[in-house]
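Next up: some structures, all given as structure tokens.
In what follows, chain A forms one complex with chain B and a second complex with chain C.
Let's turn to the complex of A and B:
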């Protein structure tokens, strides 16, 4: 751009409102979004207060669906399970992901290969991972994980059949699949920590642990926030792995909000009740999202 | 840690990490070795190497799980949805990023709401709508679903990227007499390549692997995607691990191969996309 044209472009830029694209650019996207997400979600909130069974008329029943939930062992159990699964996934997946990230971030020769290995399960369908782990969790003494335990002399477990163990077995397969996802987000954070800061702290005589605590960790905050949000929402909505591995059993031991709302709708035909369960799930997800958003905002202000 | 020389501690860490990776790969070892065994070999020694390996499971699984047609269904649904998402998402984001009006801001917030809303809330009303429109069991139904459900995230990524671009590019083109449409398609869109790559990768992995909705919309229709076909196939042959695992290997192979070829871009897409 030559110098002589600059003043005129500046003048144009000042009235850039005239150069803004027309709202029609957003119209096709808005139409599809409204049809697939907005309208059904609003209708879903309405359905949650009805007794619709999939056929015939629906009538409003007020809070009856939510009152029924309070007396429904399966639904209440699924809320507890969903919260337990979510907390376990958030803690273990991010803990493992952080350790893997720190490991492959060091100058080891196999770092590229290791990144690819740890990340690979992320791109595979969760249903297929669940079927693979169903074999790993085979109760037979010589098969899968039990075969490995036998090598070191430990007793076999009925990983998915034992009601007190099944939930944690599900957490194990989810962590195996998604730890690599947390790892790459932490890695992106680690790569943003300036080397000079490490050097300066080393010159000041800081130990490895001190360097992590006072230099690396505070700068990992954005990556941690993203990871916490992703793993929390993923845990709350968990369906595929449970549906494929245990179907919610044994008994109601691994039932989650998503498996319950699926069964209520497509097995029992209780569409109104199912949507009420979905609304509870949506409220959990919204609460977590708003807390995260609030936290992000307050940190931006602090910076 | 990165600036340290390769010394004793780093070597020790390398050994530890490799041991962890070997343990991590145990399920994959089981997957591959069992897919190469017949039922007799599996019963006899489930965890040993297959001796001799048999490949018969693969042919049987390919036809029993109808993997040929399923791969075609998945490919069609994923590809068309991605084209629609990139076209609709980038156009919408261009308006949302550049409009300095209340309407623009309001619409942007409305789209962001879709990232937070779990699709289960609208699941039943949408199922009813799709049924009424006769789109159950069709590619079109799935494509419209994925376009709608992934638009919020797509719009979010594009809007953040476009906001960081200088306005001058498009303004210059418009001063030269180009309309908004030409300025966007000829000047702005090509500049969006990095974020288009991210949008492509994240949406492709999600759509290819999605299970819940295709199970509802496509189950039993003959237009099943790979995860739905594999689900039905495993349910039918659940006790024959060799056959089931051959089906899992074949079902997962396309996306794993694409990942291995493009690993640098895929990992980058996953680690950067969410920062906006």
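Let's turn to the complex of A and C:
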């Protein structure tokens, strides 16, 4: 190549320059980033301190939106729902994902086919999943999931219509869709566990459980960190499935922070208040993710 | 490393070759766009006729309910005025609320867009007109003939901002065969008769009323059907008094309406799990004879007929909300309409289209498609025969849908939520009314 014909002194100069490339190179990308991410985000923060209705004039109202949130039963209830959903999704999705990964990692026949099957729901759009699951959750006796319950002699359930059940029905739907995603990340982690460690532990007489506990599990830490973070963030900002399946109902039983901020903006026309809710959600997600990352990173071990 | 990438790395391309190659790619990428542009030009050339003048393109964004009448009328307008092309698009209510309101806020709203009559939702006439974003239609001739009772739905501060082809009513859409089998020979005219009819159907082994309360807007219909009798028949000026703070949901016949709603549930007149049942399931239950009736708005009659094997099995009667037949009032609301963006580039053409829609024959055509009662009627107006029993009410015993006079967009969703909570037994009627009063006061 033409570079190889350059005198060696120039090459050295270039190499030292490569350690800190001129910022100008990044300028086009930074400009685009600023225009489509930074500016809207900062403009959004400003709206949180106004009473903007989405159309027409606005005026600054200071911290009134945040004060209103403290007395807003619906917003506070949605925080509780969001936390419940997040904890449930994080625990169940990753639990199921890990079991699936361990299952298809074992040397069994048709493991590739199984991986494809378990991963398939991930590629379906969440809204479509919600619409499809509405059929599964049909409350009529003998229809959908109730048909399965009837086979084993259990009473049928009003999956999405019973306020005490609807939230968990949604969790079930989300786990069904995303467990395959967790599985893939765990699989990548499992592939990275050196075979010689397993061999060594087998020679030492470790049982299957002990090998998982003391060899596989510690080495899965990076995969676990990613999975926990992604599922936490996914749970905290959950919108599509809830909106399509229940719209936050029955009553306010499945309202999440995301559906509340959607309704405040686009149904009630309170863009200012909605932005304030969004800001709280963003800070909340950032704080939780940061703490999680800090803690989980500290327990990762070098391979 | 694969062989391909290796060979790419080793390939030697001079700078000039590289640029030539990139240039070629750019031309290749641009070509389809140019071709597409040519083809559009020819298209608009043919539709604009031989005049040669560039067609004015008007954008219309509507809700799904408007598709059938609007598509037909847009095609008809094309023949009347070839120089104007209207490009309609439709979406579910939620999405329209999201996108059109955002476009209104950003100042690039479509020339024509869906508007809900009166007040009470984010896309309602009052909310958008008060921000100065709707063109004034007061001077158009059809606007002079709006019946007095409907004026609050069309007008803000005395000016007309929305076009709507007529009104729809709320009542019971019922399956005649189910009624016959249960031994019901005539639709009920009082509340106690209504309860007896339900009892008969229940004894015949079917749920008398299909309720799809999982779909939020369906939750409100039974209350809406009852409140005209329990509130407005006693006090036609209720809305004004409520606005003045002299009365409230909790202090009025709204309480009776919710009690009657729950009485239907207590007596086992609804299908199992109404909160988990959707509008589509409700529709199919009645249309296929698996339930007796559904309290619904007449605008969805076409949906019910579509799911029925024999559409003639379906008919409709007013839900009697009082024990004295003379005290029975019904809800009759102006159907969703459209307005012209005040700040659009083609305001004149957009309002001209609305003026054309206001012609009696077009009002008739629109109303017929959605089984509505035409805004104004002449000898060629047709009214869906199943709505006959409502006509005696529409003159002086009908009230607009309640949300059209509510002051903000929060009361209606609150009503949805409290009904679901009541059906689930999560709250009591007192609490439901309190929540609605709080939302009203916001």
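Methods note: the second predicted complex is superposed on the first by the 271 of 303 C-alpha atoms of A that agree within 3 Å, B and C clash if a C-alpha of one lies under 4 Å from a C-alpha of the other, contacts with A are read in each partner's own complex, and residues count from 1 in each chain.
Keep in mind that, in the parts below, contacts are C-beta pairs under 8 Å (C-beta built on N, C-alpha and C of every residue); 3 or more make two chains touch, one makes a residue touch a chain.
Everything numeric in this text was worked out from a predicted model, so none of it was measured.
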On the A-aligned overlay, A:289 touches which partner chain: chain B = first, chain C = second, or both, or neither?
first
In the superposed arrangement, does A:163 touch chain B (first), chain C (second), both or neither?
second
Is A:281 contacted by the first partner chain B, the second partner chain C, both or neither?
first
One more residue to check, A:181. First (chain B), second (chain C), both or neither?
first
Once the structures are superposed on A, label A:40 by its partner contacts, choosing first (chain B), second (chain C), both or neither.
first
Of the two partner chains, chain B (first) and chain C (second), which one does A:80 touch, if any: first, second, both, or neither?
neither
Is A:267 touching the first partner chain B, the second partner chain C, both, or neither of them?
second
Please tell me which partner, chain B or chain C, touches more residues of chain A.
B
Check chain A for residues that touch chain B in one structure and chain C in the other, and list them.
1, 140, 266, 271
Within the complex, chain A is touched by chain C residues 12, 94, 97-98, 101-102, 104-105, 121-122, 127-128, 130-133, 213-214, 216, 272-278, 281, 408-410, 413, 416-418, 420-421, 423-424, 426-427
Considering the complex alone, what residue numbers of chain B touch chain A?
1-4, 6, 10, 13-14, 16-18, 20-21, 24-27, 30-31, 34, 45-47, 84, 88-89, 91-92, 94-96, 98-101, 103-104, 107, 110-111, 114, 116-126, 129, 144-145, 147-149, 151-152, 155, 167-168, 170-172, 174-175, 180, 184, 205, 208-209, 211-212, 216, 226-227, 230-231, 234, 241, 244-245, 248, 251-252, 255-256, 259-260, 263, 266-267, 270-272, 274-275
Help me check something: in the complex, which residues belonging to chain A touch chain B?
1, 9, 12-13, 16-17, 19-23, 25-26, 28-30, 32-33, 35-41, 43-45, 47, 100, 102-110, 114-120, 122-128, 131-133, 135-136, 140, 142-144, 147-148, 176, 181, 184-185, 187-188, 195, 198-199, 208, 222, 226, 230, 236-237, 239-240, 243-244, 258, 261-262, 265-266, 271, 274-275, 278-279, 281-282, 285-286, 289
Chain A - residues contacting chain C, complex:
1, 53-56, 134, 137-141, 158-163, 246-253, 263, 266-269, 271
